[in-house]
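Some structures to go through are shown next.
One chain, chain A, links the two complexes that follow: it is found with chain B in the first and with chain C in the second.
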Partner chain A sequence: MKKKFLATLTATAMLVSMLAGCSSGASETETPTQITEKTEQQTVGENAGAAVEENTDIEVSGEAKKLDVGVVIWSVDDGGLGFSVKKQLEHVGEILNVNFIFKGGSVDAESQIKDVENLIAAGVDGILLCPMVDTTIDKFTSMCDAAGVKLSLMFRSVMDEDVRNIVLASESFVGDVCEAEEDAGADLVDALVEAGAQNLALMYCEPGNSVTDRRQAGINARIEELGINVVSTYTMPAGTLSAGFTEGANSILTTYPECDGFLLSFGSDGGIDAVIQLVLSKNLLGKVHVASFDTVQDTKTAFENEILVAETCGSQADALFAFMMLYNELQGTPLSDKPIELLSNYVYVKNTEQAAKYDEYWSYENYQLYSEEEIKNMAKVYNSDLTLEKFKEIVAAYGYEDVLNRLGL
Partner chain B sequence: MNKSLEIIKRGVIALIIPTVLYLLLYIAAPSAIGWGSLGELLRQSIAAAILSWGMVFGLKIGIWNFSVGANVMFAAIIGGNISLRLGVGLLPTIIIIAMTGTVVGLISGSLFIILRIPSVILTIGMMIILESATAVAFGGGGVTMLNDILTLSLFPNDVIVGIILYIIAFALMYRISLGYNIRAVGSNIAAAKLNGIGIDKTRILCLTVTGFFCGCYAFMAIAKGGVITPRVNMDSLTLTFDALIGGFIAIALERQINLIMGVFIGSFSIQLIKSCIIAFNMPSVFQQAIIAIFLLIIMALTTKSPFMDTLRQRMKQLISRKQIRSN
Partner chain C sequence: MNENKNTMEVKSIKMKEFRHNEMIQKLLPFLGLIIVVTIFSVITKGQAIALSNITIVLVQSCIYMVAAMGVTFTISQGNMDMSLGGIIVASCMAAGILGESSPWVILPICIIVSIICELIVAVIHIYLNIPTIIGSFIVMYLARGIASTIMLNRSANIVLPNALKTLDHNYFYCFIAMMAIIVSYILSEYTQLGKINRAIGANQSAVETSGVPMNKYKILAFIYSGITLGIASFMMFIRSVGVTAKTGMGFETNTILILVIGGISLTGGSNVRVIKAVIGCLLFAFLDNALILVGVNSTEVGLIKGIIFLAAVAVGFDRKSMTHIV
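Now for the complex of A and B:
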């Protein structure tokens, strides 16, 4: 009898907690936000600098709501981009009174779906997501639609046409920010050619990831345009350990001793470091060059030994911009009543001086990419003059010189 | 004389596989052939062989250890960070990392004996625990060691390390009682028990030795790239499977050559396969599949089964008929 009673009590407690977790996730509103006039805004095109016609005249009053936002990203402990995103968002969270719940480590669609489910169950107001597989984005939007949670994508845009139509029609979808990957791929090819590389080895990610697919498309197009010889295209699964990069590069150099350049479409988690160490260990300084997406751990050494000719970095601002779009939406002061799609800029590091400055000013140790005032200027609830056009100008301006200028350097 | 000829014959048979693969590579990429590239391929085989040496001890007594990859990461990240914080030199760093892997192996062995659950299940559980631990330890940032340890990947340091570990592995398997016990248990566990061999003790020691070689692979992995980052979601299985394949090839060649050299031949063969895949411009995504097919072929050819026995008999009959016709 006692056991049955305890079992019933426990089951009831579990049921009640489940129901509580299934709430809409609406945060407590400290003060009401008043919108005096309905906005009419057009969907933004892909180019961050494109003009948008607006008929917006919003007066915002009241204090900002405290928000809970889930962040789904490949890693927050990678010591690289993921880690920078976390530090940046935590800084923003302190300024804007936002509590971030980070879900890192998932690099496949299934794991990310579970992460989103868990965040919705935890009652978040919005989700900032970096999807690993393009074709599952509609799954995320449908989950958020059902839960009444807003969704913004960082580091990705929706490439698949069918999925894109579904996602753009979704109520929950705020928008996405993505780098101009194809252009960056072409720029890296140019950097290698400039360094004298004529026989390239391409180390690619397996197909299905919209970011690396676009990078690789840009690289391939530029290689075809310039007529560069490709000795090998080596494909690795996402999540490859750094030893896999070493092995692959080593096999390429052994099979094709004429190879004089490596171009990596992804190099996080030690991948670029592994290739650079291999070139060092084989004493191929000046003979083999490397260009890569993502950042190497020790950029200074990589450039001083003339191995690394260019890396793309600084894309953590992408996450900030995607979050600010979401933030404005969650505060009831959206930048647009339709999804916003923006392209953001990479920072290119091509020499030791730039590497040193990048290591110092993009590391979040002593400096932030955007000050408290600049962050608040991106939020309508603090800056009633903010428009979508002005926000896009901020996004378009971001880059190496922009950050240094704003820091007064 | 007969004994020497027998040894030579076995050696030649054992080297058939890498020889055939090397010839294939020559066809696909003649520029890849030469003493320089052969030396490079042999050097590339060392690190993979280290992990497979550890694996083969367990495989010999029927222990499937899926946690070796995770142990490598754990030893590298925990051992590496400890040595960085202590500010010690190269040799203490190597010892700390190797010992970290050894301790993990000892824990795995002890749990195997205490819990009495199948090794597959235990080691998968250990893998998940170790991966999670590395994702949390030291802020989850992994380990970055851009110091003296990188010299281990340079020639001839990597070769010296490989030779030392080969000697250790050979001694453990063939020169001390542990190796005899492992081979006895692997052949017939009931007979081994009747002969007074401690099965549990052997298993614990086996997994401890596996852990030691995981630690050794860990410092070689750090030496290669300088950075080891945590992996979750069973990503470390990639390393484990590569090591498993090397171990299986060694067992398949055991009748021709000792297990430890067999592992090295297996690792060398795998490096040749990978080079062939690149040389033939085959999609590298099929690398694991091709290696697995290769392994199945080797094991099918060297394993006694009714099908293979029938196939061998028919081949012999075919050859003898051709000889008769030509005579």
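Now for the complex of A and C:
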């Protein structure tokens, strides 16, 4: 018994020492003065189109502080949007000298409250948050107010009027970025109709999430306008995994064999892929089409099989814009003295060619959505000419054509 | 005579060794908590034991602590209850919907619904002779399914009434948890309920043949578990400022883990103590918190927690209590 106890003590000490060595701590506060780095990246802008190695000297102003930022998101290893957000922010962190602590996997309010509490205790300067339940947003702002930590929301806006009034009056709230969800919902309906679908199955998220609520409102309005038949509206909890989507879609196809189109208002964590795989396994190519929000893991193949007709994707830029608002605030050079609420654009992918380009240029394997120079241009501490209006122009310009143009393609 | 003397000496040595090992078993959870706290305090340069951080850890552990108090009663009988998360979402949902007319019914509804669900588990176990783990899974799926169906067909989320938002305070959670610990400790250590529960877990046949009304005590344990779970649901509702279909997800798994790392045997028996559940809750919450202080990302947290929990179980698990199952 004694030996077991000592062995465990030693193992625990070794394990925790390993932790301290290999994980990035939240307690470093050094301020860099000059950093020069070699970067090997595909570049955009001035060297467009050239796949070359480049030495990029990054001069950091002496006034740019090293920051610790917590990121609370549904997942960072979903292989889709969450993963893209993490890759993107890590790239930005290297450029701007920001240490990110990612907290993924929390899909209910209590877990996210714990995450925010622990990040505040860890001493982060700011938090970038995607709240799973809108009614908790005012609780997050009051926690951040008490701690003097700044908060920026990604993929969300505050719709509830009572919560909104409290949040906008909060000192910690920097702003939020989300997409024009109603319009996107209507566009997806149009895409399915164009593909010939007349009997739609809607796979919806539970009410209470302002993003999916708005998507669904946009879809419903467009369906009513066009008079399309809806065979089934299947509602699932937020954070439903792929197995849940498979079960739901399978039930729909079994019960309603006339169903020729699926429209998903959410599909992260493999949900869309599950529905596409089901259609494939039932040999319904060309007979049943799918349109969805969020990102398919293999977009190109999904279009080649003529199952997927449209997806809204590329919204990882939302997280970047929300972070840059936060970054400017934390550096003491805020873009505005009031909370900023912005609408970001989706990238629509509607055919194989677009899908191939999306898979290549939005995957973060060889390309970044914004180059180092472009990212620094969004930071007042490096670009003193930056104003809120100019930042809004950058956000408004983002899209499929914008990224390809900046890459020189 | 020499042989008798030798036998007595051997027995005496074995007795000393047994008491020694028993004491180490009892101390291990305490020592485990102290070691983990010490190590992380050193690594975080004292940040982990700052008063503000300790407060956070205590508050985060309160809901699990209240629920675990009741679960120790059922688990001391050897009954593993996996219905906790489903009961939480069902009771919060029922309370939230009925509370839209009057917020003061929320706590009673949480408790009543939880008791009803736990009684269903008890009935399945006692009268249908189905192991609790299976019966509780049935109740979990039923409860979560009913709650989800009702909530998914609503046009809006269930939110906490403004009148109850004032309860969302550290003192409230800590006070309730403290009361739950005190009451549970008294019931467990100084009443027949606690003693007979542990006797059932240690040797159910002996309790049965001794003439003790075993089913009555089993039902009482489930009722008490329902009461504490109802209070925990109420606390969850307040802290989360509302209910969604995902409320309480994974609660049962975390609670079982808490009990195990606290040194409680899942087969019940004499080693089930309220204080071990308290230590398990604190250790669980502290680890969650400390790993973020150290800067570990969520992708690595699960792996590290798994290793630490494996170590805790490997050392502290009461293997002797499993022998009668094998």
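Points worth noting:
As a working rule, the second predicted complex is superposed on the first by the 347 of 409 C-alpha atoms of A that agree within 3 Å, B and C clash if a C-alpha of one lies under 4 Å from a C-alpha of the other, contacts with A are read in each partner's own complex, and residues count from 1 in each chain.
The rule is simple: a contact is a pair of C-beta atoms (placed from the backbone, for glycine too) under 8 Å apart; a residue touches a chain by one contact, two chains touch by 3 or more.
This one's a predicted model, so the numbers in the text were calculated from it and none came from an experiment.
Shared-chain residue A:K139: touches chain C; no touch with chain B. Contacts of A:D77 after superposition on the shared chain: both chain B and chain C are touched. Once the two complexes are overlaid on the shared chain, A:V381 sits clear of chain B and of chain C alike. Within the superposed three-chain model, A:D269 lies in touch with chain B and out of touch with chain C [touch as defined at top].
Contacts of A:E206 after superposition: both chain B and chain C are touched. Of the two partner chains placed by superposition, A:V347 touches none, neither chain B nor chain C.
Once the two complexes are laid over each other on the shared chain, residue contacts for A:G244 go to chain B alone; chain C is not touched. Once the two complexes are overlaid on the shared chain, A:D108 sits against chain B and chain C alike.
Of the two partner chains placed by the overlay, only chain C lies in contact with A:E117; chain B stays clear of it. Shared contact residues on chain A (touching chain B in one structure, chain C in the other): 76-77, 105, 107-108, 206, 235-237, 239. Residue ranges of chain A in contact with chain B, taken from their complex: 75-79, 83, 105-108, 111, 206, 232-237, 239-248, 250-258, 269-270, 273-274, 277-278, 280-281, 297-298, 301.
The touching residues of chain B, counted against chain A in their complex, run 25, 29, 31-32, 36-37, 40-41, 44, 47, 73, 135, 139-142, 144, 146, 150, 153-154, 221, 224-233, 235-236, 238-239, 271, 274-275, 278-279, 281, 283-285. Taken in their complex, chain A has these residues touching chain C: 1-2, 4-5, 8-9, 11-13, 15-16, 19-20, 23-27, 76-77, 99, 101-105, 107-110, 113-115, 117-119, 121-123, 132-136, 139, 206-208, 235-239.
Residues of chain C that touch chain A in their complex: 20-21, 24-25, 28, 31, 35-36, 39-40, 43-45, 47, 52-53, 56, 59-60, 63, 148, 151-157, 159-160, 168, 236, 239-242, 244-249, 288-289, 291-300, 302, 304, 307-308, 311-312, 314-315.
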